[in-house]
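Comments concern the structure below.
Chains here go by letter, A, B, C, D, E and F, matching the order in which they are written, and residues are numbered from 1 within each.
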Amino acid sequence: MTQTVQKPFKRILLTGAAGGLGKVLRDRVKPWAEVVRLSDVAGMGEARAGEEIVKCDLADKAAVLALMEGVDVVLHFGGISTEAPFEAIMQANILGVANLYEAVNKAGVKRVVFASSNHAIGYYRTTDTVDASMPTRPDSMYGISKCFGESMSRYYYDRFGIETVCIRIGSSFPEPINKRMMTTYFSYDDLVEMLRCSLFAPRVGHTIIMGQSDNASTWWDNRYASHLGYKAKDSSAKFAHLFPDSAGYPERDDVTTIYQGGKFLLDGPQYR
Amino acid sequence: MTQTVQKPFKRILLTGAAGGLGKVLRDRVKPWAEVVRLSDVAGMGEARAGEEIVKCDLADKAAVLALMEGVDVVLHFGGISTEAPFEAIMQANILGVANLYEAVNKAGVKRVVFASSNHAIGYYRTTDTVDASMPTRPDSMYGISKCFGESMSRYYYDRFGIETVCIRIGSSFPEPINKRMMTTYFSYDDLVEMLRCSLFAPRVGHTIIMGQSDNASTWWDNRYASHLGYKAKDSSAKFAHLFPDSAGYPERDDVTTIYQGGKFLLDGPQYR
Amino acid sequence: MTQTVQKPFKRILLTGAAGGLGKVLRDRVKPWAEVVRLSDVAGMGEARAGEEIVKCDLADKAAVLALMEGVDVVLHFGGISTEAPFEAIMQANILGVANLYEAVNKAGVKRVVFASSNHAIGYYRTTDTVDASMPTRPDSMYGISKCFGESMSRYYYDRFGIETVCIRIGSSFPEPINKRMMTTYFSYDDLVEMLRCSLFAPRVGHTIIMGQSDNASTWWDNRYASHLGYKAKDSSAKFAHLFPDSAGYPERDDVTTIYQGGKFLLDGPQYR
Amino acid sequence: MTQTVQKPFKRILLTGAAGGLGKVLRDRVKPWAEVVRLSDVAGMGEARAGEEIVKCDLADKAAVLALMEGVDVVLHFGGISTEAPFEAIMQANILGVANLYEAVNKAGVKRVVFASSNHAIGYYRTTDTVDASMPTRPDSMYGISKCFGESMSRYYYDRFGIETVCIRIGSSFPEPINKRMMTTYFSYDDLVEMLRCSLFAPRVGHTIIMGQSDNASTWWDNRYASHLGYKAKDSSAKFAHLFPDSAGYPERDDVTTIYQGGKFLLDGPQYR
Amino acid sequence: MTQTVQKPFKRILLTGAAGGLGKVLRDRVKPWAEVVRLSDVAGMGEARAGEEIVKCDLADKAAVLALMEGVDVVLHFGGISTEAPFEAIMQANILGVANLYEAVNKAGVKRVVFASSNHAIGYYRTTDTVDASMPTRPDSMYGISKCFGESMSRYYYDRFGIETVCIRIGSSFPEPINKRMMTTYFSYDDLVEMLRCSLFAPRVGHTIIMGQSDNASTWWDNRYASHLGYKAKDSSAKFAHLFPDSAGYPERDDVTTIYQGGKFLLDGPQYR
Amino acid sequence: MTQTVQKPFKRILLTGAAGGLGKVLRDRVKPWAEVVRLSDVAGMGEARAGEEIVKCDLADKAAVLALMEGVDVVLHFGGISTEAPFEAIMQANILGVANLYEAVNKAGVKRVVFASSNHAIGYYRTTDTVDASMPTRPDSMYGISKCFGESMSRYYYDRFGIETVCIRIGSSFPEPINKRMMTTYFSYDDLVEMLRCSLFAPRVGHTIIMGQSDNASTWWDNRYASHLGYKAKDSSAKFAHLFPDSAGYPERDDVTTIYQGGKFLLDGPQYR
């Protein structure tokens, strides 16, 4: 007779399940809930064991309200995850977030993990050390939408006590693909560990944490999130051979290295 | 033979000209520009001497682009100025601001004064002292939209050097109409003086300033805006007789006095 | 027919009514309450109109509980107000304050103004600028007892919501009697005004404010008490003629001028 | 022929030797002194080799003066270590500490390690990060008495140069017995190491340090005590299996998880 | 029979007496000392009543040692006061200051007022608010030499207790001669008052204060110098008519308005 | 056939190559450049493979200009590295640094690593925690000259974008030779690693970093240099046996243990 280990949550909602990180997380979140409800505007294939598939446009309030039924906690990875025209950003990342929190409130969801981004602070310099007490400095329409999400979640905590952990994700890829990512690298395993901490810490209030592995170089100090208990296990150091020491300094006016946001500094609106 | 004194600007755009403060400002900004272009979704009556009247919905990008033609500087008082459903706020205050800055950038406008609000920080306590280095704490959908405007203007300054002064307006009324306003009072004359400072300081970068008179009690410290040169001339002290000393302390759980935002704490979304 | 102006409070308790400042305040607090209950261990003479006289040792818990019956708010000026052996300080200022707050809690008193002292921070240097966010640095057994009172009142606010304003009184005398007091002077009128602000501000939470007039020189920054609305009307400047400019610098090791506490630095326990 | 290794101190006084931590330390401090003088109000059994047993009520000044004869350094673990009525706390923890420092001063003792407590800051939130520069926020009569001890020791350092390390002890138990202790765990070995650092660092001035192991989650930042050289060797991580991930979030108004002090938030005085 | 009012000091040394501010101060410091010793490398004309004239090159150590004989306090306005080649700056402002403090130490002079400059912090932005706790950001060889003087005087205070007030002089001219000076204006009367405060405050330690009048616009916060008791009596506001409101914003890359140092940003070494 | 690995730089200049650390670095920097140009006033022996030897007095501007020809980056370890009379310090460390940066600018050198010193902050207490945002507190003429170098390099960065990393070197010796060095120890390997990080980080701007290994005890917090990616591999812990725990506390007025600078506190100018 097999013993069934009880999973902590009955139902986790993972939005953006068809996106880059959504795919990574799809299997990894399973140990935490009896059912993982997966949501996206794009196709997510067939539901596997322990999954529910709900295609949903976050800009559609009624759909989002329905999506939230029976959900305990939300991992909000939905929306646009790169620079785009404002109107598109607004539908997915602004109206989407507003709808999400309205639904969260109505459905009695207790906690949200919000995939914010380092682009909410991308206009700090690469020689600055940023912590969660400092004002945002978005580097793009995308970054502005992440600031918006942080504001909205702050409001829902102050007003209704709904807790959110905002993870300002660095570069969550299999490995760094440029030198900047040696600093911003956030391994999948560390991302999953940060999600675990965010879901299971007894109290998180409204916490902002930078999503990063234990890289040698960092721009971000997580001192105000120490209650989460997150300890990175990975480091970009193991990829050091990919970027050997080089004297090829960037040009003095190369904004992609002056500011933390990297290439986002060149995207989006152009001067006049 | 009369001498014509040259006015500093050729054309100022005043958005929200049909609103409460818009009406107050309509005449008062005239000394600063040959032409004051007035804009609103509501009717503004006939154009008077030195005025241009342009009815314009800020959510209509093409209209906003047209509105900005030939404009030197903008006083952005348009949009919704009280708590409202998010969808309405989004059109007027979020899409509206995005359109405005896109137009500002395209038209080569040099500086914007943005009517932000104390409701961007309304969830600080009435015993807190807030300055511009501290994170926002919006108290409403309206407050969140003002945080958004501050983010958007910060971006346009970091990216393109377009300067903005964000005035977090307190209570700009003829006189305080409740005890809270003894602290938040911002006389019309002081508002006009702050606009003058904001328009004529040689450099403002991206400045956040709390809009208040020199009241005895204050929650807001403008130390980071001292370069603007604003000195309040009024004080709520002259209205002290309206609110005599009283032992009628608010209830311990009265959020409208625990937090700075006052009655906004009761408006907007409700719990479940 | 005379009209009776309603006074804000029904009953104020003034402890330490026979002390130096107690005598000053005895008449001045009358406009704020129908009845002023005066308390001290020393004699206070006859009760005048609108007064109740209650001789009470603050170290006697039962007496303090009785003293608090029917009281709206407390001005706590009782206890020892100068350096003394610890045992005496403990009875009057430590047990006394503990009894006071226990009684305040039991009687449902809503607010206390606690006469703390600059000697709670007397070991800061006379070249330091101290504000309420900085740790205490007591200069005497007396100063330590004032730190204790601030801790106790903080606790009662955090635990029960009972509000206290801790006034770290500088030098409240008719006029400065030494050069140090040109910096620490706190006129009687300004003291009364600070009490008024402390009693009638809608919310005070747990506020620490330095009790000082608008002197030219100051060691204390009241930025975190700006919500109280206190504006000093006096300044020690009018006594400048008493202390003409002098080249008589203090000795390098004169602790009474190195540290803010002045002569308290020489009182109390001695080395071995 | 055996060589006798010289021990650093001639005599260490350990107060509270019959208490929970006192018993733990009794043997462990032996390597540091020729003689360990043990003191308590309760029985401590027979003196073993290298021990002196002195029964002593800390509220008895004459006894404490006698107790201090010939002592080099003090580990002050005496007094009440849990919430209790104020009068009892006052005798043991307030008068006791005052007597202790008077005796320390008279006996020429050079350094004290004072067992302060996390309950001196127990009213910070479990999402706050606290360091030694921040004001105390006691959560109990007990916590207030620890604030008092910190004030008293600060005074003796400022006045006489007597050095103290105040250790705000977290939860020093064999293992965490509730989830809160996963954050506040302070292993016996780490406690002993912190005592060692406190005793043997060349200069400690007046240092405040949070007593904690290297737990994953922490509320306390010891950046201002980095000169002590303390490095935790243990972590509560090894007990993680005792508290598996759980979705059982505490109630929104559960003060024992909102504030750092835990169950102390429910002890002590009650409302009215 | 005339009564002679005793002057506070026996002898003040004013270096740089032939310079712009030296000439202004020559008569104004007389009330403070029986004798004013005037020093410069340039001619100072005939000694008047109460004056001693000593021509002295500050780079000549023996001469500076002799100059200091019998001096109570020093007003150090000597050296080069504008941008110049480093070698010249080094002789006058670096070796000169080193010689001065060596002499001050040997002669037992008790206090120095050092004419530092806003150019020690000229690379802060014109939208920054600078106080004395922030690192220096010199804008020129001249500014670097002023940082050096601040370091040297800090050392002599820490090492020997010799007190110095470093006045970072703004623009001390009869009236503002460009718009920048509306912010940096420091009237002669206010300069003299600041000197008076610096000389006669009982303790100054090592104080850094920005030399400015009470102008509407300011970049500098003197909160850490509040113990000096300086209150400006003048303001640039009376010269507002000289710089009427203008829309002529500076170019975006005009460093003289981006940074506080103004035209110094264009002087000194050039790129390659 | 052997493959030649390309080295990152064509030519590194190492000044002070005959000094204590210069000798240590001579071989260790070779992997970073095709040619290492070695410079000193003292003899450096024969040039080995990949070396150029240039005897050069840094106070000789023409010589320094010539020295810089063809150099990519500079490791500036030249000058006097201990307390000395000011005139000598001035030639080597002040004029020397001024000449160096003038040459760096003229030669188009892109980055400098400047060997600053903990003696730039030696007058902080051994119980203080110092980071790069705090004002300097030099403990000697030598320390003042290091502050000067930091000012000069800051200027060249603000003015011309020439990047510098200022390493405030602790005690870089084979092993600690006194107890103080248990805190300040900076192993040769860690020094080399810090140089490597300083040379190869994409952007360093003007970074100040404390040069220390991962010692248990530290006075210095490198939080503002986290972008460099430096991780110490050594610790003084392995030398703990050299300094066994001891009760021999320093005297209360022993400045060499009160302040961080150690014995430098006794060198240099003497009182009168």
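Everything that follows uses one rule, which is that a contact is a pair of C-beta atoms (placed from the backbone, for glycine too) under 8 Å apart; a residue touches a chain by one contact, two chains touch by 3 or more.
For each chain, UniProt lists the protein as follows: A, B, C, D, E, F = NAD(P)-dependent oxidoreductase.
If you're wondering where the values come from, they're calculated on a predicted model, not measured in any experiment.
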Chains touching both chain A and chain D, listed by label: F
Chain E and chain C - chains in contact with each: B
Chain centre separation in whole Å, for chain F relative to chain C (CA means): 53
Separation of chain E from chain F, taking each centre as the mean of its C-alpha atoms, in whole Å: 32
Interchain centroid distance [CA atoms averaged], chain B/chain E, Å: 41
Junction residues of chain E, two or more chains touched: none
Inter-chain touch pairs (all): A-B, A-D, A-F, B-C, B-E, C-D, C-E, D-F, E-F
Complex interface listing, chain B residues touching chain E: 8-10, 32, 72-73, 110-111, 161, 196, 199-207, 223-224, 226-231
Chain D-touching residues of chain C, taken from the complex the two chains share: 86-87, 90, 94-95, 98, 102, 105-106, 108, 123, 133-141, 143-144, 147-148, 151-152, 154-155, 158-160, 259, 265, 268-269, 271-272
Contact footprint of chain F on chain A as seen in their complex: 125-129, 179-180, 182-183, 215-219, 221, 244-247, 249-250, 252, 257-258
